[in-house]
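Common to both upcoming complexes is chain A, partnered first by chain B, then by chain C.
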Partner chain A sequence: MERLNNLAGRLAPYAAAVFLVVPVAAALWFGLTAGGGETWDHVLQNRLVPYTFTTLAVLALTALFILGIAVPAAWLVSAYDFPGRGIFDWALILPLAMPGYVMAYAWADLAGVAGPVQSSFRDLTGLSARDYWFPDIFTPTGLAFILASTLFPYVYITARAAFTNQSLATLEAARSLGASGARLFLSVALPSARPAIVAGLALALMEAAADFGAADFLGIQTLGVGIVRAWSSFGEPATAARLAVVLVSIAFLFFFITSLSRGRATNQQTANRWLTPTRTRLTGQSGWVASLFCGGILLVAFFLPITRLVWLLLETGAGTAPIVPPLLSSIILGLSGATLAIVCALAIIVGAKHANATSSFLRLSVAAGYAAPGAVLGLGGLFILSATGQSLSGVTAIFLLIGIYASRFTSAGLEPMRAAFERAPISLDYAARSLGASNIKRFTRVDLPLILPGVLAGGLILCVEILKELPATLMLRPFGWDTLAVRAHAYASDERLAEATLPSLLITLAGLAPVLLLSWRLSKTGHTIE
Partner chain B sequence: MKAHIYLSALATSVILAACSPSISDSPADADSVPKTLTIYSSRHYDSDRLLYDAYEEKTGVNVQVRESGADQLLETMKAEGDNSPADLIIAADAGALWRFQDAGLTQAISNDAINAKVPAKMRQADGHWFGVAKRIRLVAYDPARFEEADVDNWVKLAAEDKRGEICVRSSSNIYNLSLMAEMIDRLGAEQAGEWAQAIVANMARNPQGGDTDQVRAVAAGECGIAIVNHYYWARLATSAAAADRNVANATKLVIPSFPDANGAHTNITGIAVTASADDAAMATAFIEFLLTDEGQALLTTETKEFPILATAPLPNGAELVPVSDVSDTPLEVFGINQAEAQRLYDLAGWN
Partner chain C sequence: MTPAPASLVASDLLKTYFGAPVVSGACLSLHPGEVTALVGRSGAGKTTLLRLLAGMERPDSGIIKSGDQILSDGTVFQPTEHRRIGLIFQDFALFPHMNVIKNITFGLGHLPKEKQTIVALEWLEKLGLQLRGPAYPHQLSGGEQQRVAIARALAPNPVAILMDEPFSGLDPVLREQARNAALSTIRASGTPALMVTHDADEAMAHADQVAVMSQGRILQTGTPEYVYTHPNSLTVAQALGQIYSINKEQLPTAWQSTLPDAKILYIRPEAIQIDPSSNVSLKVEHVRRHGAVTSITLLSGDSHLDAAVITQNPPLPGETIPVQINPASVFTFLENNS
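== the complex of A and B ==
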């Protein structure tokens, strides 16, 4: 019995890892081995290069926007004191609550030629739409702006942590040598924060590469859109799978950049966390410029789009469609998916510790799911369905979808749990062992109570990520399981933005919970992500 | 305390998952349990729910609906094969319905009552699908820039005096594919391709947004001509928001004819009985209900499509749209020429 227990404990993490890696492996394997469909030649000749080029262009522009927004903002709140700094410090994380597609709905309406901004401009000036130039949101640049608006907090968080925790001695030394302001930033702070910034940026770009909803709504032909179209419009999963191989390669590239820079970033950190950095007080005009910059970001990336959605909701009403069924589907799928992901994460964390396993295979498997965009996992799910002779209706499809969620998001829940787990002293474990407790007993009596707060935090993050998920849900949801995200997408693509506002706002509202939690945790731990 | 929250959350998720309705599709005892009619619909209008409710109330038949994009429904049905629960498919656009037929997912229905109500032009010849509402693709133009006579033929939109004036959505959209399919049928592929190239040359901007966005762009002055389906304009004209009504008021509608014939490019919202439907009679009964005045009103009041029945009342706003005959191209052409249409659009550089 004891041996069986130990064996189970040792195998559990690997079982979980295999389970998590199967969907993305299925999609890639199919893409590499199955013959191209009828339209593959068409896609190869006319679409593949534009898809790839557009995706890369969007990612490059997104990166530029993110760096331009997040790094100066992070530097301002960590190195200076100015009106509203205390609020901006945490509020700049808020845009993370909005999924890209919701941001796209709101800004397409706000900035469109018939939207309130341009309309009022024309009313004021008496000009016609042809007489002036206005930035077009329905372009790759527009998409990059949308994605950067929701994803810049990734870089803001890592950069702020790096700036705040930078060796104070270095900064003080630089100051005493007369470096200040821009010079201090450019030649001292920025170089040493670079690994952290790169890590955050790669994470953000991985998410940007996974986007489907915003690109689809704005009509930008990225690989994510191409995959879903190859499957749905051409009816050719094989073609979709080949595109998936390209997209996954891009996403993995960013993942490896993240891991590499993370390794370097930890080397850079010093133990000076308990020292409060001295912030230079910005007075007069420069103080207000700093406030204006941070306030402007918040306005554009959060308050304006939210206000517009609320406005639309109030102006035209939410329609008569009952909101409860999709809400319920979202909650059920969110809770079940989060539960499964937590079980997988626990198996990996606890198992890896007890089995003393080499964790690189485990880390890679979890990462594979996380780096794979939802459209690719959805595709993998379809292959699994057809390989096992199952249909999209009924129980199997629900379990499959929940499995896909776990595969995609276990990584997101893993970190808070691992952090909680690693805080627990190993001596507790030895004590339990010496008392003769079995693996399972040690888990339920020692490990689980210790990591419960981490589990709850991880669960919250997972639930909301699942709630926001669009492409995989769109491809795999069975009969009657429309989620809020699916509803919002359906209405918005049907040119009925007003009806899309209520589900969109509910998703954002739910998204605020983990963001505020994250913000609170960060403020408690002195801005480092654990 | 925290443990309790966690455990109850876990328990809730398990219980909810176990109790959720769609899991319990145990085989129904035909005599004691009401019959179930399963509809796959590419429409997601709130008013459709009223339609299904009304039918349930009238007949006691239990109506189950799965709403999704037509493409997705098609792929789903292919994957489900003979086990598909679907009895009926509702899709907007004949081109979409044709794809279901082409995939062998529909069955031919010969029903005199239905055939008497749906004009022959508005249904598939063998009864694979039937139109239940009409939609017209037309032009909304800026009366300050153009006269009706400038834009009353599709070919006139390709003329050089329309340079930088046309707003239209992406070519991958089914409405544009069907329009092109009819052009190919009338002009031949070569001339149709040239027409598409001329339209691209006349565009005011890269295709973006939906049909409504094109009308808005005309009202804003960005372009003088928008190619749109009539009901998007009608919805603007009857919107609760004054700004929307102003957009409609700033534009005029004209139904363009083709170079060789009069008549509007007319499409349908149609319905098909699936090949896997066990009880075709139950399915056709629902179609017959759609072809009553009540069914027609429920179908079109919110969408602003034209009823297929001449006797049915027009939805509010549709009376503002000009009337025209239906062009004489068989609807099947929209499906048959669909792939060619996309190819020609791609070659013309119509995004």
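== the complex of A and C ==
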């Protein structure tokens, strides 16, 4: 019995890992082996090459925008004191709460010909719409701008942490040697924070590559859009699968860059004391320029789009579409998906700890789900359905969708749990065993209470991630199970923006919860300094 | 009902990792009411031996018995949770989410609830922690945490208690006091105890028995006094205190007849003392004071002699001082005289 128990405990993490890796593996396998249907030349010329090129161009532009926004902001906030610094310090994380597609709806409306930005411009100048050039949001550059606006906090967080902690001693040494201002930044702070910045950027680009909603709404033919359309509009599953292979490769590349750089970034962390570096006070004009820069970012990436959505909502009286059914679907799917993901995460963490397994297979399979874009996992889900002869309806589809959510997001929930778990040294486990505690007692009385805060935090993050998820839900939801995200996307794509605002705002509101939690945790671990 | 404490005996324990022996043929007996210190350099296998005794590792071969009960041999292997061996860790490993009482009653599941609390309170009183029952580990000082760890380990009446560097996590100022309180409680409980330490002074001063370990073997076991004064090998002598080698020909001729007959001699610094009645005088090279003891480096022939002396008036470098040697602190070891 005991032996059986132990065996089950040993196998649990691997079972969970296999479960998580199946959808992405299915998509890749079909992509690599798919024959029949369209000729390879057709796929290559009309789909693969242009989509890949567009995706890479969008990613490159996004990277430039993100670096231009996040790195200076992080440096200003960590090295200088200026009006509003204390607020910008944490508020610059807020844009993470907004999914890319919501940002896209809001800015499409804001910056459109009839939108408030261009109208006020015409009112001010007296020009007519034909007399001037205005940046078009429905372009790859526009998409990059949208994605950068929601994803720059990844780099902001890592860069700020690097600037405030890691290079503190180096910064002080450099200051004592007479370096200041730009020279301090360029010759000392930036190079030493580079691994952290690269890690954050790769993570942001991985998310950008996974985007479907914003690109689809703006009509940009990225790989993510291509996969969904190839499946649903053109009926070319083989094409979709081949696009998925390319997209997964891109996403994995960024994932590996993140892991590599993160390793290097932690190596640099030498001091375990959190000292507040002395920030230089920016007075007069330069202080206001700094405030304007940070405030401008916040305005563009958060407050303007939110205000516009709220305005639209109030102006049109919330639209006529019923909100309760999609809200209910979102909550049911979110809770069940989060529960399954937590069970998987627990199996992996607890099982790996007790089996003393630091298996790279475990880590890789969790990462595979995380790095795989939702469109790819949705496709994998569809392949699994057709391979098992099931149809996309009823309970089967719901279970499949929940499984896909777990596969996609287990990793997101894993981190807070692992952090909670790692705070508990292995000696606690031995202490419990030496006091006669069985496997079950150790789990319920020691492991579980210790990781409960992490489980709750992880569960919150998971629920919200599932709430925001669009492409996989779009591909796999059975009839009558539209989530808020699906509704918002459908209305916005139909140019019924007024009706898209309420679901969009609800998603953003829910998104704020984990962002505030993140902000609080960062401030607790000393990454933020007050 | 408490069974009479029995000795914990390990014989011929072998443990290899990837073919390399970490513990090879170790034999050790822990007796009721005695604290045994396990000393040796890092990498000697001390912690692995402790883990074998505790059941955290399974030995490749060898026997571990508590009294007549076999805990581990070729066929039986009792896992940690069934062994009833108390463990005390360097980081104390208190459960951070439980208060002191809950920590102590954790191992008392076999008793009814009220009895658990009574036992816990008894232990708190024995360790002077009466008022700390409801406190959580993070609210306690390091010394208090350690006492809770001891109470937690002793409360279920273990067959032995094993401590891995139990005092090195404490503030040096607290350490002495904490050590005395902890070890006297453990002795009073009659539980056989093992304390892994890298601190020879701690082992010498506080243990009833020391066991010196090197390369996976226990080289010598005995009272601190006996092992210090009768080391059976150079490794043992080095593990317990400073010792240095010198070619016998370099020593003053007057001393040579009183010393063991060997080419190389091993001398503890305290063997050489200032003695005004001595007819041997040596030149002082360096003088360094370490608190109560002053170490003096003397020139003898072409070699240096280190002396550890207690003196109010240390000599100055360059002076010549009368010194005597105590042959009881001069050793010769076969294996190193080839």
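FYI, the second predicted complex is superposed on the first by the 515 of 530 C-alpha atoms of A that agree within 3 Å, B and C clash if a C-alpha of one lies under 4 Å from a C-alpha of the other, contacts with A are read in each partner's own complex, and residues count from 1 in each chain.
The working rule: a residue touches a chain if its C-beta (ideal position, glycine included) is under 8 Å from a C-beta of that chain, and two chains touch if they have at least 3 such contacts.
None of these values were measured; they are calculated from a predicted model.
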| item | value |
| --- | --- |
| Clash-or-fit label for the pair chain B, chain C on chain A | fit |
| Vertex chain A; arms to chain B and chain C (CA centroids, nearest 10 degrees) | 160 |
| First, second, both or neither for A:P449, with chain B first and chain C second | both |
| Contacts of A:E207 with chain B and chain C, given as first, second, both or neither | neither |
| Which of chain B and chain C A:D89 touches, first, second, both or neither | neither |
| Partner chain in contact with A:L474 - chain B first, chain C second, else both or neither | first |
| Partner chain in contact with A:S232 - chain B first, chain C second, else both or neither | first |
| Which of chain B and chain C A:R433 touches, first, second, both or neither | second |
| Partner, of chain C and chain B, that touches more residues belonging to chain A | B |
| Shortest CA-CA distance between chain B and chain C [superposed frame, angstrom] | 13 |
| Chain B/chain C common contact set on chain A | 449 |
| Footprint of chain B on chain A - complex, ascending | 42, 46, 108, 112-114, 118-119, 122, 128-131, 136, 138-139, 218-219, 221, 229, 231-233, 235, 315-317, 319-321, 328, 331-332, 335-336, 338-339, 382, 385-386, 391-395, 398, 449, 452-453, 455-456, 459, 474-475, 478-482, 490-491, 493-495, 499 |
| In the complex, chain A residues that touch chain C | 424-425, 427-428, 430-438, 441, 445-446, 449-450 |
| Touching residues on chain B, where the partner in the complex is chain A | 2-3, 5-6, 9-10, 12-14, 16-17, 20-23, 25, 44, 46, 49, 64, 66-69, 71-72, 74-76, 78-81, 83-85, 170, 172, 204-213, 216-217, 219-222, 232, 239-241, 243, 247, 343, 346, 351 |
| Chain C to chain A touching residues, read off their complex | 54-56, 79-87, 89-91, 93-97, 106-107, 109-110, 152-153, 156, 158 |
